[in-house]
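Both complexes below contain chain A, partnered by chain B and then by chain C.
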Partner chain A sequence: MADVRLDGVAKAFGSVQVINDLNLAVDDGELLVFVGPSGCGKSTMLRMISGLEDVTRGRIMIGGRDVTHVAPSRRRVAMVFQSYALFPHMSVADNIGFGLKLARTPPAEIRRRVAEVARTLQIDPLLDRKPRQLSGGQRQRVAIGRSIIRNPEVFLFDEPLSNLDAALRIRMRLEIARLHNRLGVTMIYVTHDQTEAMTLADRIAVVNGGSIEQLGSPMELYDRPANLFVARFIGAPSMNVIPGTVTVEGGVPAIACGETRIRLSAGPVPPGTSDATLGVRPEHLSAVNKGEGDFAGRVEIVEDLGAESLVYLQTGLMADSLTMRVTAGSGLSAGDAIGVRLDPARLHLFDSRGLAIR
Partner chain B sequence: MADPGGFDHSGGGAAADAAIGPAPRPFDPWPATIFVILLCLAVLFLAPTLGVLLSSIKTTREIAFGELWMFPARIYLGNFAEVIANPAVHRYFVNTFLVTVPATALSITFGVLAGYVFAKLPFKGGNLLFLAIVSGMFFPPQVILIPLFRLFNGLGLIDTLWPIIFIHTAMGIPICTLLMRNFFATVPGALREAAILEGANEWQVLTRIALPLSLPALAVLATLQFTWIWNDFLWPLIFTQSDEKRTIMLGIVNLKGQYSVAWGVQGALSLIASLPTLIVFLFFQRYFIKGMTMGAVKG
Partner chain C sequence: MERENRFWRIVLLALPLAVFAVLVVWPLFSSFYYSFTNWNGFDSRYEFVGFRNFAKIYTDKLFLNAAINTAIWMVAAILLPTLLGLGLALLIDSRIPGGTIFKSVFYLPICLSAVVVGQIWVWIYQQDWGLLNTVIWTVTGERPAIAWLAKPETALGSVIVAWSWQQTGLSMVIYLAGLVSIQEELLEVCEIEGASAWQRIRLVIIPLLTPATIVVIALSVINSLKGFDILFIMTGGGPFHSSDTLAMHMYNESFRKYLMGYGSAISVVLFLIALTIIRIYFRQLRKLDEIHG
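Now for the complex of A and B:
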């Protein structure tokens, strides 16, 4: 078991800077998730930690050991690839035992450990099969089996579930969480799926343009996003963001969004703040009778999801529609004119640079 | 359910069937034309083989009387017996194997190594070097014939098999490199990376991962190289002088009588000489077809 530290790590491909001065500490036994849009550099970060990619600048420490220039196989890390990367000409048993065979482990010992891992992952009946004879979920288990057999200090997962269908993805997500609980080792997980990040992570690092926008626990990021990017990226459906202008009326700050003024009751707004963006999560909007609430809206579309519904509203606040989350059976239907109330304690305000004001 | 159109489906017989049957297709001359062209080509290609086959089972007298293209009244196997009993033929075979096997193995080995580096370990100037190597395929042998003769003459290797092995190895490297590089490029990079993380070095990645996945490409190369080298006439003609060093293709030409050409014996030896390439092809056939079409579609 080991912690991972990145000190001032940077990566450039030619003249293109992909990672900028990255500082990060992953605690021993922690499950950290890198989440971000495609091309943000999250996979490059993982590949640098694994040693598959050289760093242009900076230092990588694993378990207190400087591994910046250490070969990938000597870093005591294991990686699960998005494509599984199983060797197609080898059986499941040979795939899992490949690393041990390279390390010249006695065949009897390899067989024993392969059987043990296979039992743990419930793939013992599949040991003689070739990867092409397995389903996506089974292949993913084999890939995980291959990574755990060598008892690595750090597990790296590069979007391991993105090739699976929705139901299997949820099941495998749970299995990875169980695996983390059971092994208690450090895991670094890359995904572009914020739901995966929220459900798995001890901490999430939201990556954008080669830098970490915010690092924190899932709920910390959800409740107190540091900037508009994080606010929009974390949460599904994403946060409603409404551009406006901050005013002060009778000593109480408010934000004017179109014709509507919304009072900002909690906390002071720094002086000089003018253009700002109001953020409100869909579940912090509620429907009230027409003429009541903070502003009026007209129901455009209702999406019933079973236990809840998503209501898309046309309002005078902005051209785009607002999303409101309501419990199922709210009785709302397209065309309804309603009033909308904001939860004043759960509003987010961002300045003109997109940084959170509170 | 009532027929809204009011059509009568109950009768009409043959007239109705004819009315709803497919419309007759206009005559398309292209398939027939292509068939005739292909048939002519097939006859053209097979005729010499058939001629050799027929001459091999006839006596010299029958051939001399101009009955080459007729099936003989009695199959004569004396030509084959004569060829098989001839110690010179044994020597030709041994010499040809001594050239073909190492030259095939060496050219494929170098092609595999170079192809892997070009496909998986890119380096500055790699593409230029790759193009330079592949351009070696386009040099006609006649251009390098005299310099090579002088070179090997200077080295004292004339009338040995060494120049033929060297030249076939060197001339096989471009095609082997091209084919292997293109094949290795289709092997997913994640497999190499997974193996490296498991502790494999590049040699182990090549031998344990990339090569076992490259059997179709290797089969194509082995078949092509073996056939080309086995059937080569030019280089053994240039570099060997004594009958002890001749290869099988020169041996066929040498098998002639003092005053006449022994067509029957030459035919028999030609057929026997083509057996090893046929065996190699049959051995690799399973992979060969796959290899020839590789890269045509994904997966």
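Now for the complex of A and C:
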């Protein structure tokens, strides 16, 4: 087991800077998730840690060892790819035992360890099959098997569940969490799916444009986003953001969004703040009788999800519709005119640069 | 609408099918037909001789000699371009400087006709002023007196070298296409798992190139079975039948000795050999499809 440290790591492809001066410490045994939109540089970060990509500047340490210029095979890392990267001409057993075969481990020892790993991952009946004869979930298990058989110090997962269907993704997510609990080994996981990030991570690094926007525990990111990007990226459905102007009336700060004034109790607003954005999560909105609450709205669409419903509202606050999460059976239907109340303790305010005002 | 579509489908297919029927199907069946006759190629009178032409094949020493030469020719003409093409493709794929230029240079010979290639190599092998003997002379300081194409021991081998020189470019291009289609992540797994360059080639790249290898071998087999023109230009099957292949032997019997019936019987045997090889090829393709999808 080992910790991972990135000191001032940067990466450029020609004149294009893709990673900017990255500093990060991943604790021993921690599961850190890089999450961000496509092309934000999260996979490049992972590939630099694995050694598949050279760094342009900076230093990478694994277990206290400087591995910046060490070959991938000597970093004691294992990587699971989005495409599984299984050798189609090899059986499941040969795929899992590939690393051991390269290391010239005696065949009997390879067979024993492959059987052990296969039992752990519940793929022992599949050992003689070819990857083509397996389902997506089974293939991903084989890929995981190949990575755990060498007892690496760090596991790197590059969007491993992206190719699976929704139900299988949830199951495999759980299995990866179990694997992390059982092995207690350092894992770095890349995904663009914030739900995957929230459910798996000890800590999440939200990546955007080659930089980490915020690093913290899932709930920290959810409850206290550092900026608008994190606020919108973390949480599904994403946070409602309402542009407005900050005013102070009778010593009490408020935000004027169109005709509507919403009093803020989120804390003191720095002097000089004018243009700002109000953020509110869908579950922190509630429906009240028409004429009551903080502002009026008209129900546009109701999406019933079973235990809850998502209500899309047209309001005078913004051009886009506002999303509100309500428990199932709220009785709301398209066309209803309602009042909307905000939970004053759960409002987020961002300045004109998109940074959180706390 | 559907009826109109069907009409046009038939119309558009009719021309290529007619060409195929006249140039391939009809000569094929004619060969079968004439293989049971004693036709001399000119006379309108001929007799049916049953399986006599095929029986003659068993006693024809020149046929046996040509069959052995064909086997040598095929094995060498398959192995050499395949191995050389693979080696060159791996080298060029490893991003050596000037790879694109080398690719064009090695591919160029395949654009030449076999007649041109044959003539170039006749000059290279020329005893007095040929390039090969001149190079040997320069290196060793002694003037060699090797008549490469005129000696039974070296004639077939010399043609095989010329043939391989031409065919290697084709194999190389097919292998290069195969290398491009190998998923990058599979090679990255090799890097992470610690495979040496040789292990990567042996355990991963060559097996993953199996589809390309099958295409290369199939083309080599088909081309080598057809390999007549280059032999005709360079040695004409000689000296003393030392480079006679079945195709060459068939030509000699049909068009030099005017034994069109017997020549047709040889062509039928050649056709059956090709058919067997093609059947094996398709069976392998099916197996491959099961693995790679």
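Note that in this section the second predicted complex is superposed on the first by the 357 of 358 C-alpha atoms of A that agree within 3 Å, B and C clash if a C-alpha of one lies under 4 Å from a C-alpha of the other, contacts with A are read in each partner's own complex, and residues count from 1 in each chain.
Basically, contacts are C-beta pairs under 8 Å (C-beta built on N, C-alpha and C of every residue); 3 or more make two chains touch, one makes a residue touch a chain.
Just so it is clear, the structure is predicted and the values come from calculations on it, not from any experiment.
On the superposed chain A, the positions of chain B and chain C overlap enough to count as a clash. Of the two partner chains placed by superposition, A:Ala337 touches none, neither chain B nor chain C.
By the document's definition of touching, both partners, chain B and chain C, reach A:Ser50. In the superposition on chain A, A:Arg132 contacts chain C only, with no contact to chain B. Shared-chain residue A:Met79: touches chain B and chain C both. When the shared chain is aligned, no partner comes close enough to touch A:Ala236: not chain B, not chain C.
Of the two partner chains, both chain B and chain C are touched by A:Phe98. By the document's definition of touching, both partners, chain B and chain C, reach A:Phe87.
Looking at the shared chain after the overlay, A:Met219 reaches neither chain B nor chain C. In the superposition on chain A, chain A positions 50-52, 72-73, 77-79, 81, 83, 85, 87-89, 98-99, 102-103, 146, 150 are in contact with chain B in one complex as well as with chain C in the other. Contacts from chain A toward chain C in the complex involve residues 50-52, 71-74, 77-79, 81, 83, 85, 87-90, 98-99, 101-103, 130, 132, 146, 150.
Of all residues in chain C, those touching chain A in their complex are 183, 185-186, 188-189, 191-196, 199, 203-204, 207-208, 210, 290-293. On chain A, the positions that touch chain B within their shared complex are 50-52, 72-73, 77-79, 81-83, 85-89, 98-99, 102-103, 146, 150.
Note for the complex: chain B touches chain A at residues 188, 190-191, 193-200, 204, 209, 212-213.
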